[in-house]
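In the two complexes below, chain A is the common chain; its partner is chain B in one and chain C in the other.
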Partner chain A sequence: MIPKKLDLKDSQIESPDLLPKIERRKFLKMGFAVTGLLAGGKILSLLSIANKSFAFSKEQYPYKPHYSMLIYQNRCIDCELCLEACIKTNNVPTYGYRTNILHRKVSMAVDQQVEFIPVLCNQCNRPPCVTGCPTKATYKDSKNGIVMMNYKKCIGCKTCMTACPYNARYYNEEIRSVDKCDFCYTNRLSKGLTTTACSEACPAKVRIFGDLSNPGSELYQMIHQVEKTVWVIRPESGAAPNVFYTRG
Partner chain B sequence: MAETKTQQVAEVVIPTKWDILIGRLTGLSKSFYLALGLFILMAIAGVGAGLHAMYIGYHHAYNVTREVPWGILISTYVFFVVTSTGLCLVSSIGHVFGVKDFMPIAKRSVFLSIVTIVAGFTVIFFEIENPFRMAIYNVISPNLTSNIWWMGTLYGAYLFFMILEFIFLQLDKHKVATYAGFMGVISGIAAHSNLGAVFGMLHGREFWYGPYMPIYFIASAIMSGCATILFFTYLAHRVNSERIDSAVSRALEVTTKVGILAICIIMFFTAWKMITGFVGTEGKTEAFMTLLAGKYALNFWFLEIGMGMIAPLVMYILSKGKNLKMIFAGSALMIFGIFFMRYDLVVVGQIVPVYYELGVNEYETLLSYSPSIHEILVVLGGIGIVGTVFLLGEKIFNAHKVEEHEYETATSALKVLEPIKTETSK
Partner chain C sequence: MKKLKILLLTLMLLTGLYFLLTTKSSLAEQGGNEDLIIYTKPVKAVSFNHKAHSEDYGISCNICHDKIFQMEALNVEKKDDFNHKSFSKGKYCGVCHDGKKGFAMDRQCTRCHIGVKGLNKISKR
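And then the complex of A and B:
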C-alpha cells in the first residue's frame, strides 16, 4: 500500500485562535469536569473530616444558643477596626489582645499576595484550657458554650495559656488574671446586644457572628452548604473549635 | 547560802535539748560557716528577687511571654520535685520495703526529699501570679479534670506524709514511720506522674503530648534520686568529717547499681523520644532538630547526654560502687546535667508556635526564651534553700545516723510485703 502523501496546502496552522468553537467547548468541559471532580472530592473529604473535628457535627449543638463565628478570610483588608473595637469594648491593655489579625504571604499567588487571617478564641467544645485549669477559673458556660473566665479564681499558673491551641489567652496584670475573648458576652451579649464588637465594627463583613443551634440563622445557613468549603484552624488538636473559616 | 544552793543545783542539771542544739551548731569549722553563709545569701537573694518581681509585676521581671508562658521557674520546680520524688522512691527500697542494704541512707533521704520539695514550692510560689488564691480555690473550687490540681493536691499530701515519716523516724517510732513512708511513696508516684501528665495531656503541644511523659517522669525521678542520695551522702560525711562505715558504703554501692540501671532506662527512653520526634508535623520535627543540631544542641549533647548520662554512667561503672570520690563526681555532673534536662523539656516543648503550620508571617520561625536576672536569682534561691537546710540538718539531726536496731524495727513493719521471709521464719 502506497502511503498517502501529506498535502501541506490543505493543512492548517495549529493555533488556539483557529480551533473551532466546539473543540474549545469540549476542552473546557473536560477541564471543568476534572476540576469539579477534584473540588467535589475535596468538599466531600472536608465533610467527612467535619464529622470528626468540627464542633457542630458530632455533638449537634450542645448549647442553646450555640454561639459561633464564621470568618470570610478573603474579605479581610487588615483595617484593624475589629481590634480597636475589641480593645475599647473589653478594656484590653496595650500588651495584650483578645483578637488578632495574622498575615500570610502567598508568594505564588497571581494578584494579591498577602492574606489576612483574623484569629480569636475558638470557644472550643472540648477546650484544653478548661480541662487544665486547676480551680475552674475558666469554664465552659453551660447555656451558651462560651469559654468564660471567673477572674477572682485565677491563680495565674498559665496552664490554660500553654494548653490553648490558638494562642487566645494572655495574662492581664491589671485584673490579675488570665483574660480572653468571651464573644463580648460580659460587655455586650449579656446587656441585650446581639453581636460582638469586632463583628459589628468590621466594614467588610468578615466576621459573621450567630447561633448555630438555630437553623434559620444566617450563620447556620452559610456553614451548612455543600458547595462552600468551610474549615477550622488546627482541627488535629481535637478541641472542636467553634470559629469557622471560608472564602467568598 | 541560798546562792550556793542554786549554784549546786545548776551544776547537776542535764543540758536541755535546746542546749544540745546550740552545742551542735557552734564551734564548727570556718568552711562550714562560709558555705552556710553563702547558701543563706543565695536563699535571701532568691526570695528577695522573687518578692521584688511580685512587687513590680512578673510581666516586667520575667522573660516569659504569651507564647512561651512557662520558663526556667517551671523547669526548676520540675527539677526539685523530681529530685524529691526520686529521693523518696529510692530510699523507700530500704525503710519501707525492708531491703536492709538501703537502710543507712533512709533518714537523710527523707529529710532531703522534704527540703527539695520545699525548695520547689518556694520557686513555684514566685512563678504563680496569685499563689494566695491557689490556697483558697484549690480547696473550694477544685477541677478534677486538671492534672495541675491533682499534682498540687497530691504533692501536698506527699509533703504531709514525708514530714510525718521524718517526725516518727526522729521519735524512733519506726512502724508508724514506715506506714507514713508507704503513703508517701504512693502519693509521690501519683503526684509525680500527674506532673508528667500536665505536659503529656496538653493535646495542643505535640512535643509533649502522649502517655510518654508520666512514665518518663517516674523513671527519671529514680535517676535523680540516686544521684542526689549519692551526692549528699558523700558530701555529708565530708561536712561531718566522718569516715564512711561499711554499712553506708554498702548502701552507696547498691544505690550506684540502681543509678546505673536508671541511667540506662533514661538513655533508652531518650533515644526513642528522639527517633519518634521525626514523625509528625513539621513544627515538632524542627523542635527536635533544635535539640539535635540547633540552638539547644549544646544543652542536649553536652549537658543532658554528656554530663547527665554518659559521664556518670561511665564513672559509676568504673567506680565499681566503691570509689566514692568518683561516684560523688559522677553524681554532681548528673545533677547538673539533669537541671538542663528539665529546662530543655519545658522550654523546647513551647518553642513551636501554635500557628506554625498555618504559615503566617508572625510565626514563621520558632520562638525563643532565655531567663531574666530575676528568674535566675529565684532559681539560685531554691538551690540556696536546699544548701542551707542540708547543712543545718546535718548538724541539728546529728548526721541523720541510723542505728543498727532501727534496721530491724523498720524491716518488721511491713511484713505483708515480704511473704518469702515470713515463710522461711516458720
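And then the complex of A and C:
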C-alpha cells in the first residue's frame, strides 16, 4: 500500500517552541469561559477547560484516596523547616532532596521583592517518569495515585530524572537507586498518620495535604472554586500534576 | 592651661570615638552587618533594618528602647512569646506594624522574612 502523502499544511507542529503559545491560547479560552460565567454562563464551561491541565475531573477521581497538595505560594518564608522534617523522616542524604524551595525576584513589585516557591514531586496522573522507566522500578500506585519507587528494580539509568518536568528526583548513592517524594507514604501514611512531614512542620500553613476526592476537605474546596486562581507548574507538559498552587 | 584644654578635648573625642566604634562592631557581630539585625529564632530568618528605622524613618530611639526592645541586639529572641501571635496582640514588632503606623504583618511575608537563602547570602558577604 502506498502511504498517504503527508499534508504538512494541516499537520500540527510539535516543536517545543510552540508549546507556550498553545498554553497562551488555552489561557485565553479559559478567560472567555470565565467571562461567560460572569455573564450567566455555565460553570461547566470553565471546568471542562481546567480539566485539560489539571489532574482531576469534577465527576470522577482516578484514585481513592486521591492524595494531593495545595501550596499557598505567598505564605512561604523559606524557613526550611519542611526540608528539615523531610530529611529527618525520609533519610535524605545531604546531596539529595525530595522537596525544595525555589526563589525568584519580583522586580515589578513595589514592596515585596522576593517570592519563595516550594516544589516537590507532583504525583502526576500521566507521569513521564513512569513512561520512561525501562524496568518498572517507578510506578503509579493503583490505589492512591502516588508515584512510588521500587529501589530493588532501579538500575540507575536516570531516564526518569530526565523525563521529570519538575526536577523532583535525585540519585541516592547509598541505596544505589533514584529516590523521590512519595508523599511520606512509606514512613508516615502507611503507618496511620494523615499528613506529610513537610506539611506538618510548616509554621505558615503553606502546604495543605489532603484527599482531593473528599468534598469535605480544605483541598477540595479550595480547588473547586472560581474566585481565586489555582494553577499548576508547567501545565504544557501534559502530565496532569496533583500539586496545586494559589495565593491567599 | 590651653595645652591642658586641648589634651582633655582630644581625650574626650577619642573615648567618644571608641564607644561609637565598639557599639557598632558589636551590632555587626550580633546581627550580620552594621545596618541589619538578622533574627534566626523562632524561624530562619528575619531581617530588621535598624539603620532605616532609626535614620531614614526618623523614629527616635526611645520609641523602641528600652521598653519594647532591649539595647542588646537579638536579646528578644530569648523570650518564648517573640512570635507572630504576640505581634498580632500588639507586642514587639506589632506595636508599630499594625497596618496603621507601619505596614500590616498578615501579608507580604518576604518584606521581613528573608529565609535561609537570604541568611546564606548575607553571611557570605
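Note that the second predicted complex is superposed on the first by the 196 of 248 C-alpha atoms of A that agree within 3 Å, B and C clash if a C-alpha of one lies under 4 Å from a C-alpha of the other, contacts with A are read in each partner's own complex, and residues count from 1 in each chain.
Following the convention adopted for this analysis, a contact is a pair of C-beta atoms (placed from the backbone, for glycine too) under 8 Å apart; a residue touches a chain by one contact, two chains touch by 3 or more.
Fair warning: this is a prediction, and the values are worked out from it, not measured in the lab.
Chemist: Putting chain B and chain C on the same copy of chain A, do they fit or clash?
Modeler: Fit: chain B and chain C sit side by side once superposed on chain A.
Chemist: Of the two partner chains, chain B (first) and chain C (second), which one does A:173 touch, if any: first, second, both, or neither?
Modeler: first
Chemist: Touching A:159 in the superposition: chain B (first), chain C (second), both, neither?
Modeler: Touch partner of A:159: chain B, not chain C.
Chemist: Per the contact definition in the header, classify A:203: touching chain B only (first), chain C only (second), both, or neither.
Modeler: second
Chemist: With the two structures laid over each other on chain A, which partner does A:111 touch: chain B (first), chain C (second), both, or neither?
Modeler: Touch partner of A:111: chain C, not chain B.
Chemist: According to the stated criteria, A:74 is in contact with first (chain B), second (chain C), both, or neither; which is it?
Modeler: Touch partner of A:74: chain C, not chain B.
Chemist: Taking the superposition as given, does A:64 touch the first partner, chain B, the second, chain C, both, or neither?
Modeler: It touches nothing on chain B or chain C.
Chemist: Which touches a greater number of chain A residues, chain B or chain C?
Modeler: B
Chemist: For A:103 in the superposed arrangement: first (chain B), second (chain C), both or neither?
Modeler: both
Chemist: Can you report the least C-alpha distance between chain B and chain C in the superposed arrangement, rounded to whole Å?
Modeler: Superposed on chain A, the two chains' closest C-alpha atoms are separated by 11 Å.
Chemist: Under the contact rule defined above, give the chain A residues that sit at the interface with chain B and also at the interface with chain C.
Modeler: 103
Chemist: Contact residues on chain B for chain A in the complex?
Modeler: These residues of chain B touch chain A: 57, 59, 64, 66-67, 69-70, 128-131, 133-134, 137-138, 141-143, 145-149, 152, 198, 201-205, 350, 353-355, 357-363.
Chemist: Tell me, which parts of chain A touch chain C in their complex?
Modeler: 74-81, 101, 103, 111-116, 203-204
Chemist: What does chain A use to touch chain B in their complex?
Modeler: 95-96, 102-105, 117, 119, 128, 130-137, 152-159, 161-167, 169-171, 173, 176-177, 233-234, 237-239
Chemist: Which residues of chain C touch chain A once you look at their complex with the stated criterion?
Modeler: Within the complex, chain C touches chain A at residues 42-45, 103, 107-111, 113-118.
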